[in-house]
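Below you'll find a set of structures to go through.
Below are two complexes that have chain A in common, paired first with chain B and then with chain C.
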Partner chain A sequence: MGITLRAFIRKELVQTLRDTRRRVLLFGAPVIQLTIFGLALSTEIKNIRLAVFSRPDDAMFLRLAERFYASGWFVPAVRGPGDDPMELIASGGADAALIAPAEGLRRSAERGSGKMQLLVDASNASKARAVEAYSKSVISEAALREYGTPLRTPVRFDVRVLYNPAMRSSLYLVPGVMGMLVCLITIILTAMSLAREREVGTFETIVSAPLSDLEVLLGKTVPYVILGLLDAALVVGAGYMIFGVPVRGPLWQLALASMVFVVATVAIGTFVSTVSRNQQQAMLGGFIFLFPAMLMSGIMYPVENMPGAMIAAAYLDPLMYFVRLLRNIMLKGGAPGVFWTDVGAMALMALASAGLAYRRFRRTLN
Partner chain B sequence: MTSFSPHRAFAVARKEVMHILRDPFTLALALGLPVMLVTFFGYAIDFEVKDIRLAVYDRDGGPAARRLKEIFSASGYFRPVEPEAAAGPIGMLDSGRASAALFLEPGFSRTIKGGGEAPAQFVLDGSDNSKAAAVAGYLPGIAGAARLRLSGPGGGEPFYAETRFLYNHELNSRWFTVPGLSAIIIGLLAILLTALTVAREWENGSMELLLSTPVRPLEIMAGKLVPYGVLVLAGVVFVYLSSRLVFGVPFEGGHLLYLAACVLFITAALSQGLLISVLARQQQVAMQFALITGLLPSMLLSGFIFPVESMPRFFRALTMLLAPRWFMAAVRGITLKGADLSELSEPFLALGLLAAGMLALALKKFKTDLEP
Partner chain C sequence: MNDTVVPGRGDKGLLRNRVVEVENLTIRFGDFTAVDGVSFSVRKGEIFGFLGANGAGKTTTIRMLCGLLAPTSGVVRVGGLDFDDGGNGIKSIVGYMSQKFTLYDDLTVGENLDFAAGLRKLPAAAAEKRRAELFGMTGFDRPLTAKVSDLPGGIKQELALAAAMLHDPEIVFLDEPTSGVSPAARARFWGLIRRITAVGKTVIVTTHYMDEAEQCGRIALMRAGRIIALGSPDELKDSAFPGPMAEVDFQGSDPAAPIERLRKAPGLLALSPHGMRWHAAFSEGALMDAALSALPVSVRVRKIKPSLEDVFIRLAGGAQ
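This part shows the complex of A and B:
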């Protein structure tokens, strides 16, 4: 590496980090975001507002309602005395309503019917599904308690959750959010920074400097690889200190995977910048890549759930491999066989996009 | 030239429209994003977790064990895979070849036949948030089915609840994601595009030029914002049309109310974009600001995917200050529930206040920065 190239990289880094606002955004924002997402986002549905409707003397039903509220999933909905269950849900005052049989739950159960009605607001379908599953388990539990022996459960599941026994959602989310943040920062910043030179006209100055094409390209991209890696380390550190997210696998695996991934995303960002004329285009072009990459990555829902063609496309998504690797290294301890195939796939993508970016970059230079 | 002149604002707007139209690539990208989001959420994404690979280690081999396996595969959520002796259950979960494993010990069938309660160990891959919670949620249902099928007659429940899903009987994921996309699109386009376009004028120094003309700051602002407002509204109309025509999502409420919610939210978003651009003055800084305060809250803290009610108390309070959360509540209420203004008074009031507040803040900052 020549002295000129080193000086160039240093100049780029200084230029990016000189501005306080930029330093805050580059290093403060990922930590804040990680904290917010780790604390606020939970895949578990809680605080379901349930309204119950029965005759005031229906003791068995009221005991059942108490069980609902004691389960931790449900909270009582605020309602007036004359409210209608349908209207209460329509106005958003409750998420679900449980309606007792008119004759009272005990009499109805002893007649052999025992049918209650559960109305669920399904305007959020996944939430509705969870509400139904939780209600069923509360009701079966209650039936077991009320009627004791006649109801046998033949199978009892002892559930053991590997890698995350307490099912803490911060443990789940940190690897995914880390992949997302690193991807976002590197792609958009690289794309916009190169597009900026072109927009402002300083690109010509750089080109006229005594540097080869490759040196110009490296000088503009290496700083972003460094910044991306710093951010990755920062997010892992914050995840460990704030949420106690472990790194169970070897650190070199984490470093190597991050390195390969950041090279791939910086190369993609460079490619985006070569096809855009100004920063707005670079930003939008970055998002055209980012959205599918995030949606197909398996951060929010499993890849296997998607239709066949999308699964095939997901195998071309570097973020999918990176998130899988992060979960594997941080939570599972890094199984070596899986590690090398995933890193290899990412390295191939990094090489291909770097080659493509270099070719396009040279064409735009000349 | 003391008062606001619609004529001069219109001239700035015309210039901005010409800017947008002269650059068809940007326009295509701006309109391509909604198309892509709708395609993804409409076709690819299903939040119901299915086809979970389950490795069954059956050391019992009896009839009850066989029936339990049938119950698992008949539920539609699980797909049994052949256990690999060499890897072992933990190895299969480590490498991701299975997401869950079920262990049935010898004597399982005998215990059940004798009327006892047989334990079954269920091991779950907890490294994948999208799966683990869902799988754990399915188990009570499987246990219920096992009760009915394994204990024979007389094992029914003394009481039960019949569920009616209101507004979305078949629990179609699309019905709630696709209409919600309008919030994402506004959060993305309105905030990012305006933040960038005004920051560009600062960065290139053309803002000084604009200011030295007789056009007043307020007119510059109106002229710059309105074209983007129209562009964003076009994105919303696209979401509306595709959700109704392509995905058959019902629209139960009033269109005027829907439009009002969009206009309020777009006003809030555009003002936020303007405020960011005045504070940042550089496109890259503006972009990052917009991302953090605009796009991510609209995607993650609005209730689009993660329900607001499940968040801790502090964050639930924080979302009260976020326009996307109220917009999402209004849109879901209007499209699926057919709610009217009296039922949606709370989200509308909040949206109106936030839009007015954001506009006032942006105006004040813009004016103090520009006027001598």
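This part shows the complex of A and C:
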């Protein structure tokens, strides 16, 4: 067993690392994708184009508008002198328009109502919600500063944001993207490597040696578990260097969680290869698994928001556990209770998929 | 079980020397019978050839003999071992070079041989010693660091053979080892096969090439999963063509009418085109002379010995 496994590991590593395309897939793509996803997949909405409409002498309103722009969320929309607010939003020239009362904000406020109109383009609902929330906070801030009285709210929150005080979405998203990348690369590499041997015919040489089915299976999968772990370490390092995503929990938790997850994904990759006739099919088969796994993992949309049946499916998604584990370990310091239940659930899944892959694999051998 | 030794055709000494014994071997894939009741045996040190078209069952037969496929029924004994252990016993004493790629193009010569040694669980020192032996025998002189993709086809096949023989198997199975290889490299490879059998190993080989089949000790001619003829090249020729054969060259004149007449000539066994010429086989010399003398004077006629190609066309091609 030892000699054969070592020979397999050496061969697969040499093949993978020698091939430029696979080297890029393994080391280049994760770093590039992590950067792109980390930057682009921001849930914070910034640079909202706001147009303000008022009489030129409405000093109070213009001061308020200044506060909007100073908040960092809004930028002035480009507009011509005769533009109508509705038209401006319809044409996409602005995301929101703030319109002062005709009599001027001061006079309106003195009469006790102070009504302004805010037009929001809600064709992007999350952006619209953000505009509403930001506007409220700008105005209540202004009320406090200018008059020393907060807007009338009976209850005030003392909000303390834990683990991610600056509410940087990268901190939340980067662990998710890490999980996704490790998942993608291990499944695709494993499935492709097995499919390639079958397609080219070298697999015939492997099975003509007097090896047990398990030896062949381990020989073709253990190297990819090793590569997957290397990749996980690389992605964690890149997350730290590029986005400053910390690892607050113990490293052994990170290593153990990655190990269990990579075993599960390599098993899934093996399974995919057993139902594929060639490399293209293996690639497609990999993605058929990957897309739902990513969508249900809670990387982008919270699992809690899904309909009931989908939540049940999400609980069968190893990526969901891995992403939760990564967030737990990296941001929250790895609370042991949650850690062990998630690792346990993932281990069960790894075991089940490894068992299934082994059975399918044996069937394709004989 | 499986102690059914084939009762002797041939004497006791030969019986003991049989390294491969196959009796009534059959394999079905669903409704399709790929190999259908095949029986033969191979002697130690023999070059045994399988000749037949694609899909005749040569590769499937060889894969069963290598322990890669379980037969549906019948007896397989290779080096005294059967398939009862799932084939691993057989796998450990035979070498197999499949007709597909057996080497990794993206690895070097050394890396390929190291992996082959690992598959056979050979310790590093033993593998290195064996590699030197095989390089000596094959005359392989490329550096270990050479990438396999950079080697010419013939050299690749020699290396593949070395990799298949790293564990010093007694019986070597070669499935179309020379397809796509230059004629000079093919001749070199067959020189190697003879050297392997000269040291007492047995080679079982499939081929499409008639000149290669001529070099086998015995040939099994396969068609549609069955062995339709088995024997040495000379035996096959004698049994397929008990009488004489002539080559008929029309030298540019229209062959249609004379061929039609020849077809009806008494005693004709076979008539087949070979390029621009025709081969005509008869049951007796006198009948042949009579038929040929009736041909136009411009036709040149020459007595020839039948080739394996004639045998193949007569036995495998004709009745299809």
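In this section, the second predicted complex is superposed on the first by the 342 of 366 C-alpha atoms of A that agree within 3 Å, B and C clash if a C-alpha of one lies under 4 Å from a C-alpha of the other, contacts with A are read in each partner's own complex, and residues count from 1 in each chain.
FYI, a residue touches a chain if its C-beta (ideal position, glycine included) is under 8 Å from a C-beta of that chain, and two chains touch if they have at least 3 such contacts.
Everything numeric in this text was worked out from a predicted model, so none of it was measured.
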| item | value |
| --- | --- |
| Clash-or-fit label for the pair chain B, chain C on chain A | fit |
| First (chain B), second (chain C), both or neither touched by A:Val200 | both |
| Chain B versus chain C as contact partner of A:Gln279, first or second or both or neither | first |
| Which superposed partner A:Ile139 touches (first chain B, second chain C, both, neither) | first |
| Chain B versus chain C as contact partner of A:Gln15, first or second or both or neither | second |
| Chain B versus chain C as contact partner of A:Ala122, first or second or both or neither | first |
| Comparing the two partners chain B and chain C, which touches a greater set of residues in chain A | B |
| Which superposed partner A:Gln33 touches (first chain B, second chain C, both, neither) | first |
| First, second, both or neither for A:Asn328, with chain B first and chain C second | first |
| Chain C versus chain B - closest C-alpha approach in the superposed model, Å | 12 |
| Residues of chain A at both interfaces, chain B in one complex, chain C in the other | 19, 200 |
| Of all residues in chain B, those that touch chain A in their complex | 23, 25-26, 29-30, 32-33, 36-37, 40, 43-51, 53, 64, 68, 90-91, 93-96, 112, 115, 117-133, 136-144, 146-147, 150-151, 154-155, 157-169, 171-173, 175-176, 188, 192-193, 196-197, 200, 203-204, 280, 282-285, 287-289, 291-292, 296, 300-301, 303, 305-307, 309-312, 314-315, 318, 329, 332-333, 336-339, 343, 346 |
| Chain A residues within the chain B interface of the complex | 19, 21-22, 25, 29, 32-33, 36-37, 39-49, 86, 89-92, 95, 98, 105, 108-109, 114-130, 132-137, 139-140, 143, 146-147, 150-165, 167, 169, 171-173, 175-176, 184, 188-189, 192-193, 196, 199-200, 276-281, 283-285, 287-288, 291-292, 295-296, 298-302, 304-307, 310, 324, 327-328, 331-333, 335, 337-338 |
| Interfacial residue positions of chain A with respect to chain C in the complex | 3-4, 6-8, 10-11, 14-15, 18-19, 200-202, 204-212, 366 |
| Contacting residues of chain C [partner chain A, same complex] | 66-68, 70, 88-89, 91-92, 96, 98-104, 106-107, 111, 114-123, 163-164 |
